[in-house]
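Each of the two complexes below includes subunit A, the first together with subunit B, the second together with subunit C.
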Partner chain A sequence: MIKKQLLTLPSIFFLLILLIFFYLLIIDRNPSEIPSALLNKNVPKFETTSLLTEKKFISSDIFRGEIKLVNFFATWCKPCRDEHNYIKLFDNQEALEVIGVNYKDNPQKAIKWLRELGNPYSNIAVDKKGRIAIDWGVYGIPETFIVNSKGIIKYRHAGPITKKIYKKIIFIINEIE
Partner chain B sequence: MVPILGNITLWLSLFFAIFQFFISKKNKKIKSIKIGIFGLLACSIISFFLLMFLHVVSDFSVLNVFQNSHTTKPLLYKISGVWGNHEGSMLLWILVLTIFNYFIYKLYNNNNSILILKTLEIQAFITIGFILFTILTSNPFETMSPIQNEGLGFNPILQDPALAIHPPLLYIGYVGFSAAFSIGVATLNLENNNNIPWHRYMKPFVIAAWTFLTIGIAFGSIWAYYELGWGGWWFWDPVENASFMPWLLGTALLHSLLVVEKKKSLQSWVILLSILAFLLSVLGTFLVRSGILTSVHTFALDPSRGIYILIFTAILGSYSLILFGLKSKKYFNTNYFSFFSKEGSILINNILMVIVCSTVFLGTIYPLLIEAFTNNKISVGTPYYNSTIVPIMIPAILIMGIGPILSWGKVDIFRTLKKIFPNILLTGVITLLVFLYYQSYSFIGIVGIILAFWIIFNNMTLLFRKKENLSSGMLIAHLGIGLLILGITGSSVWQIEKIIRMKVNNEIKIEKYNIAFKEINQIKGPNYIALQGSFFVYDEKKKIIAKLKPENRYYPVTNNFTTETSIHTNLLGDLYIVLGEGNIDEGWVVRIYYNPLVAWIWIGALTIFLGGIVSMNYNLKQIRRLS
Partner chain C sequence: MIIKKFFLNKVFILIIAACLIQFFSKNSYAVDPEEILQNQEQELRARSISKNIRCMICQNQSIDDSSAPLAKDLRILIRKKIKEGNNNKEVYKFLTDRYGDFILLKPPIKLNTLALWILPFFFFAVGVFIIFWNNKKSKKN
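Moving on to the complex of A and B:
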């Protein structure tokens, strides 16, 4: 004969699971935030050309000194357009340099796009074949990374920057300083 | 004007649902309940078609239409766009709920009034919950100003015929379980000495839900197969799991209902399953629409919606499960039965289905559990599911082959063996032939082929012999499962994948096909432009057998790119080509798959659906005889 207490097990189990869901709903979390395998590691080395100046873009020369915000973008990516205003806000931030990586894009279109929307990037690396993005572990643009003054990746955000993410990134930058 | 009408009908349906709830609670006359039932049905039909009208005429004063539609969209997708978004899909959900509500009411007669009234009360409560949810957090009739001239457009990968009918079929499945849930909970509320055959009323709903869930999942799968261009048809995405879990419990429920019918055993178990199957359906909705998990299906990330559904699930779940804890004891009995009997095989099938369901459930929520307790993020992928579920499914399918042959109660083992011996022999011979043909010796492949033909032969012989007094709907559905396993085994064990860069006039060989890349052209569709590759497929004798034209589409309205695969299909296998990125100088990245036996997955699913319909028809006739 089955004990009567056993019959209450489904309800207890069910409520426990709901409690966990409830906790996850109310805490401040972002399900699309994925930890990067490169976190606290050096930025991958790469060489390419600069979009606007067409000079050489050598990563080891760029990633030192100031804190860098690295933003992967393309003109064909709609969320990139949406987050562009936040990228411009980062440009106003002191002691922070914003680096763009133009991902699988047409350079002419990208230049036109920046002329139209404004250019917040101090330097833009051309990633025509998506090779740099692979090294950085990017799986969909836009993606944004923070690199400290020693060239070490401290933060990664996948997806467009929203108000909440913007505040978080500012907080992290201040913390690194 | 129309949006206001829509809002009015939505509120009216809430009113009728509340009316139905209180009237059936007080056991008033059936005439007054009728008002509630028909009012609710009429209002939900009207509000649903009003939204469809708004989408068809592209009324961009409505936020929902503005966000999901566009004037250049083909008519079919203007219509399917109604349920291709969160708010509209809730209206569809409510519509299906009220239709099932009506069918429950149709079962009413003087002998079962206590049960049906209680069922209608619970069904009304569920309906109230979903209508309130729609009105409070996701009203599709919300208007906006200033009025725009053009909408934002509809996600192009959803503009597809299979995906147009996938949600309605799936919702019939999910919501069908609500009827089983309501009947289960109503049964718990019955006094001890009622002799109402509640399981007979539950059965047609379970069959309907299960049948439509099967075909709904199959359509989603077909869509993923040719639209996503990933070469597969199942990815263990949380949302796929959310539909698979009720399906598994539904399978267990369907079979245990037979035991209740014949042996009066497993009654409380059936009630528990009916409760859990629907709770899992609702929980699936929660997982998808709260944004708590990321998945390819994620609708809208709005935490207030998540909190609402969670609270609603908590009320439904704790009420039903606590009631189960308190009242199910009276449905217990101590009829033990033998292992070698039909009921024994069904019981084992039940246990295995529940284990598979728990395994899938654990895999789906494991990342959430880990995050809640340790703050780490992990993801659970295909290897987990393959290595846990396949071994549990193997015995389940072996038993499934023999279950229908076994008789209720005591079984004469010798006679049964004599019956299945020719099938064992046939299975062995065919398996040998398959391997001589394919010349490939994967262990899982052997097991899969044996299982598939084991099921196919057993059910074929029973179908044609037809003297065993077995339901032909069941045999057809079982046969469908056999065909399904054949397709699953073939496509997952012997898939060939080639990813290469091809220039125009290049050739490649895959399996027995020679494929030549002939040309690439820009073409224009109704609301997209596309780059279309042209591939000629030759057989071994250099005879042309197909021209495949995969596309890369660009939808300017939503600024999306999609890939359209091109597939040459026959019963032995699919040749599947996806055009990737590239240019004229360096060539294009082309992904070519040879997917053996995939067509049998779809044939199998259709056969199961057919079996379900036959069986539903039969059961409805029986119910009519009952009243």
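Moving on to the complex of A and C:
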């Protein structure tokens, strides 16, 4: 009697594990996606220069007032080119400012790149050595953050923006408002 | 006999060669010569920290093994922090503040990782119990 119980128990357990694995397989998720450690925290403080104006870029002056979309990009990054049209669409969004961070790039090339593809950014910070990106927990560009009017990070997307992500970001922005 | 000896010799040389390859490959890390600190004690500390830090790009490698640009940046940054007089705990905190616990190759013991740490021991105990139980019964029979 007990032996029979001992035999049925593992098979039920095995079936349960199988079900869990199957569930994880079919739900829509990306296992390589890592949640940002900076969610609901203040924007990291940094100072650098602006790409186009060559004026000072001081984070504490920039990140207040309107909701900001912060996009880390570079000319050498092919997915950045792919998502650029979506970044331009964000520029049309009311009550939203799009800030760019030019990551480990050649400024001349970046300016040329923006002239060619269009510039959706109201201000672009130069991150020549990638040190700013480390403070933001960026591990691979393109990455996009939503910062609310109080300078708190509300969302991070690692990877290029697709139609699905675009819709998701618009939804989040409307919710913050 | 001679053929056998010759064959054995060859096998012996092969084994020695394999051991030597193993020995030397252990020294081939991704750390570039210019990254290495002059102070040996500090360098050792940096190496031991780097071995526990995940490369966020090639996610199952440590930054000590990885030649990804971000891994290199982090290795240099860790050395800079050590030079500035930060202790190991502060360096780890600096990294987890930015990249979360995921950057640690060994997950810390926290409430949400408790199952991860305890379940293996639990399953081990269950296994021992089942074996013990079966043994007792077979003895009776």
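Quick note on the criterion: the second predicted complex is superposed on the first by the 144 of 177 C-alpha atoms of A that agree within 3 Å, B and C clash if a C-alpha of one lies under 4 Å from a C-alpha of the other, contacts with A are read in each partner's own complex, and residues count from 1 in each chain.
Operating definition for what follows: contacts are C-beta pairs under 8 Å (C-beta built on N, C-alpha and C of every residue); 3 or more make two chains touch, one makes a residue touch a chain.
This structure is a prediction, so every number in the text was calculated from the model and none was measured.
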Item to check | subunit B versus subunit C as contact partner of A:Ala95, first or second or both or neither | outcome: neither
Checklist entry - Does subunit B (first) or subunit C (second) touch A:Leu24, or do both, or does neither? => result first
Next on the checklist: Is A:Leu16 touching anything from subunit B or subunit C once the two structures are fitted on A? First, second, both or neither.
Outcome noted: neither
Next on the checklist: Contacts for A:Lys78 in the overlay, against subunit B (first) and subunit C (second): which applies, first, second, both or neither?
Outcome noted: first
Checklist entry - Does subunit B (first) or subunit C (second) touch A:Leu38, or do both, or does neither? => result second
Checklist entry - Of subunit B and subunit C, which one contacts the greater number of residues in subunit A? => result B
Checklist entry - When the two structures are overlaid on chain A, which partner does A:Gly140 contact: first (subunit B), second (subunit C), both, or neither? => result second
Checklist entry - Between subunit B and subunit C, which residues of subunit A are contacted by each of them? => result 2, 32, 34-35, 104
Item to check | Complex contact set, residues of subunit A against subunit B | outcome: 1-2, 4, 7-8, 10-11, 14-15, 17-18, 20-26, 29, 31-35, 76, 78, 104
Next on the checklist: Show me the residue ranges of subunit C that touch subunit A in the complex, using the header's touch definition.
Outcome noted: 56-57, 59, 69-70, 73-74, 77, 96-100, 102, 130, 133-134, 137
Checklist entry - Given the complex with subunit A, which residues does subunit B contribute to the contact? => result 268, 272, 275-276, 279, 286, 290-294, 303, 306-307, 310, 313-314, 317-318, 321-322, 324-326, 328-329, 332, 334, 365, 368-369, 371-372, 377, 558-561, 581
Item to check | Residue numbers on subunit A that touch subunit C, as the complex places them | outcome: 2-3, 6, 32, 34-38, 104, 129-131, 134-137, 139-140
